[in-house]
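Each chain gets a letter, A, B, C and D, in the order it is written, and its residues are counted from 1.
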């Protein structure tokens, strides 16, 4: 531990139980990372189910994956990677205290997040139309195991989309805060922490895309 | 049990005594450590009672030697228990080859038993003593568990697959069957009785029972009724592989994997035919999910097990 | 302090470019029949992409060793779940007794 | 004297007053008190359910409750006791209160999130109580699929959501603790000067953040199967119910360590104090906590030896299970050795320590029977298992919680309770507990399965003994509640350091001020320096 007891000047954003701004930022970043580990484990349960059933029904999974629109999935991948770039740039702008850069990049991030959700909406809609939603309405002619694929597909992408919505709400709050000059080069913890969350949600999609959408492109 | 307060279960199977031996070994080890630690802390409590409230104890920080000793000894003892327990578990898991087959299907909240000769019973299981009995267990709804305390055996009955357990009863008598895995309202009513009989009594009992055809006969009938025969032909002209000799062999699949054809493989091939495609065949078989009950399934498997390979040379699917 | 490191825009854009290229590769690779290799290749690309995001966009590269440890531990723990779980599924049937 | 001046400051209890100041507090100590009140309520509810179960089991026929009601009662007993009492018990109360003080911090790293965790807990609790009102849930606390997902027609979805939400309160507590230990230690408070209670809570927090999310998603999948017709564990569409068990026990086995590790931490503090001696083998005790937390993640399959799991997976799980027994044994031996050549104080904390050691010893040793594969076949899902985990979680966990509560009560409330009553209560709990649960070991080996509403008559005598013990246990717990409540109103004022203990928490006034310390403490000594410890202060009475 390298903290010093004496704080020369107290920043208005320094909470009373911290010694210094640096300790506060470090604690918040570490906190976010620990939280992300939790999130990894949260998705981990789903990926475990994915591995088990893919191993159990290899053929049905290829068939089921071919029903997904990989072009839309790919488009969403590009959208999310782009939003990660703008997110990273807005954190950078915050570090340097550049208000304009922050506002532009945050707005772009939110916009791209919304684009992702809209694409997702059309994908889901198509599944309902094609009787690929598990339950009584599921196409009974399909092979055993495909229903599990779609159950997991909706579970995984649904929870991912829920994370996206939370992220968009968070970014909107940050955007308002940034517009009100809440951040400067000494205090930008919320931007940094929210950014970590956003990138994590991006990473989850980076894994979901090949594992769900691309199986059907070969071997079918 | 004549005593009004029994403290130990009766032992009525070949493995029961082995299980009890292991139990007593661990009990002895546990009792030793429990007594050792309890006596030590009580002795210390009295012997080292502080004279004045503020007195400090001796300035001892630890001892590496002691730490190593009391890490090492429990470790060794734990490993002995592990090895012993694992060996016993293998014995309990693997039925002898000459065991007789009985099918058990669990459903909320009863046990349906089917003897190889076709006699059926509910919540009762008649078995001959001194002969290994292998139970193949299936479930129609949720997870149950077939538990015979007097034989020290139990196995979960899992829907969607088959499980196996075995025992050899040694003493004539009647023993409890319990459902061990919570399965709903009448879980505690899902109990029954094992009746262990002398072999001649068992034969007499079988003869007196009302048979609806043996499991194999029923399986053969189903094999025809469900049109399995139209594709699974002996002369290799069918669209499906001939099933003779498949059971117990290693099957080569179309994706290059090899799997052991046990009861679960046969079950899966009927219920989820597309999951594992035998090399050289097309994935065209329809599923029989919902068309065959667990009992019918067990009969079909019993029949498939009796089928002989097409020719003396090993069939292409057999390794 | 090290986490105050401010990377250049250029670096961010090049990481972005690398991610785009890797996405294209993964789509292309999925179209090529490689048998059992398709999934490992897809996963390797995904892991590379994830690592790029973690290292550069999330700034772990300039962060404290503790943060690095935390980031890696999440990955290790998920592998524990997979390894110990698949330990069951992949060894089922070895004994040749149903359900054991 | 400086201390006299210190006593002038209003304590965290007094400044400021008012219900709103409590419900919106960011003070870790007040949040700990909020948690303490909530878990006490849930302990009472869970205890009532337990009493109903034991009353039902007096007769073999099952004539007091209907089978359906019995199943709901044992389910709710498990859900309430595990998710709403045991898991938050020590970490969220004693841990929340003392961990920051022990490391010399003014608060946890994220005070608002700490409060949020309590509100999430309350929300989850409210949902669960709603389930009780709506007619209960009957799946057992384990929520095993496919019974929970396709067969049960009770309020499983709502209960699952309740547990899911409560999981987040636990995650938030764990993550707050981890950051706090890493980032908030006072100058000079190195890792190896940390009190063992902090080590234990740190290890617990690791389990909380790594395990809880997995059970959360698993429970959510069950809820989704029921509510949205998704099918992940459903055997009718090819799902594997055993997968549920893997995912469930990945958390729920380590969860046992969430319940016992903090208890071990409390006992480490108390053993050193009652012996007035440095803890024997500090680093071994500290690292055994971490070892238990980490290895504890690799053993979950020992709950599944007979559930259709592959025998080879069982082998791996069994051997690691045997390994995890070793650090627990190491701790026990170290506590015993700590007492050697001590200066044992026969105040009430000693009684809790002895009680804990006795019960935990039996609980831990009986775990060996269950970790041994060949023997577990017979014992799995019998009363032997019930007795074993009650010895660990109630014998160990609750005894340590009560011990810790008595040990720290003067510091938390500023009041002393009646020592004699405390000694009597500890013995009532100890003997009542043994009478309740020891017969269940015998019942288990005889083959009585758990969750049985009725049973064959030969098991009756032991069941009646068990119910008798439960009554003694109930009297013991009620007694504790009464004299502790009485002490708040009429108890003598507590001195700063009634047990003459070491540690930063005993160097501040009782009860502490809102920011704990007037000045940031600088730590210069190791933990448990009893050679230089002050004598117990007994002159607190007024």
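Here is the rule we use: a residue touches a chain if its C-beta (ideal position, glycine included) is under 8 Å from a C-beta of that chain, and two chains touch if they have at least 3 such contacts.
This one's a predicted model, so the numbers in the text were calculated from it and none came from an experiment.
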- Message: Using CA atoms only, can you tell me which chain is the most central one in this structure?
- Response: D
- Is the C-beta contact count larger for C-D or for A-D? A-D
- Item | Centre distance in Å when chain A and chain D are each reduced to the mean of their C-alpha atoms | 34
- Message: Rounded to a whole Å, what is the gap between the Cα centroids of chain A and chain B?
- Response: 45
- Note on the structure: Distance between the CA centroids of chain A and chain C (whole Å) is 15
- For chain A, what residues touch not just one other chain but two or more? 26, 30, 34, 37, 41, 44-45, 48, 52, 56-57, 144-145
- Junction residues of chain B - those touching two or more other chains: 93, 155-156, 158, 161, 163, 271-272, 275, 289
- Multi-chain touching residues of chain D, meaning two or more other chains, are 182, 210, 214, 238-240, 242-243, 246-247, 250, 308, 311
- Query: Which part of chain A faces chain B closely enough to touch in the complex?
  - Reply: 56-60, 143-145
- Note on the structure: In the complex, chain B touches chain C at residues 93-95, 136-137, 155-156, 158, 161-164, 248, 256, 259-260, 262-265, 267
- Note on the structure: Note: in the complex, chain A contacts chain D through residues 1, 3, 5, 15-17, 19, 23, 26-27, 30-31, 34-35, 37-39, 41-46, 48-49, 52-53, 56-57, 134-136, 144-145, 147-148, 151-152, 154-155, 159
- Query: Which part of chain B faces chain D closely enough to touch in the complex?
  - Reply: 1, 4-9, 18-19, 22-23, 26-27, 29-30, 33-34, 37-38, 40-42, 44-45, 48-63, 66-67, 70-71, 74-75, 78-79, 81-82, 84-93, 108, 141-143, 145, 147, 149-150, 152-156, 158-161, 163, 176, 178-189, 191, 271-272, 275, 289-290
- Mind listing the chain B positions that touch chain A in their complex? 255, 271-275, 277, 283, 287, 289
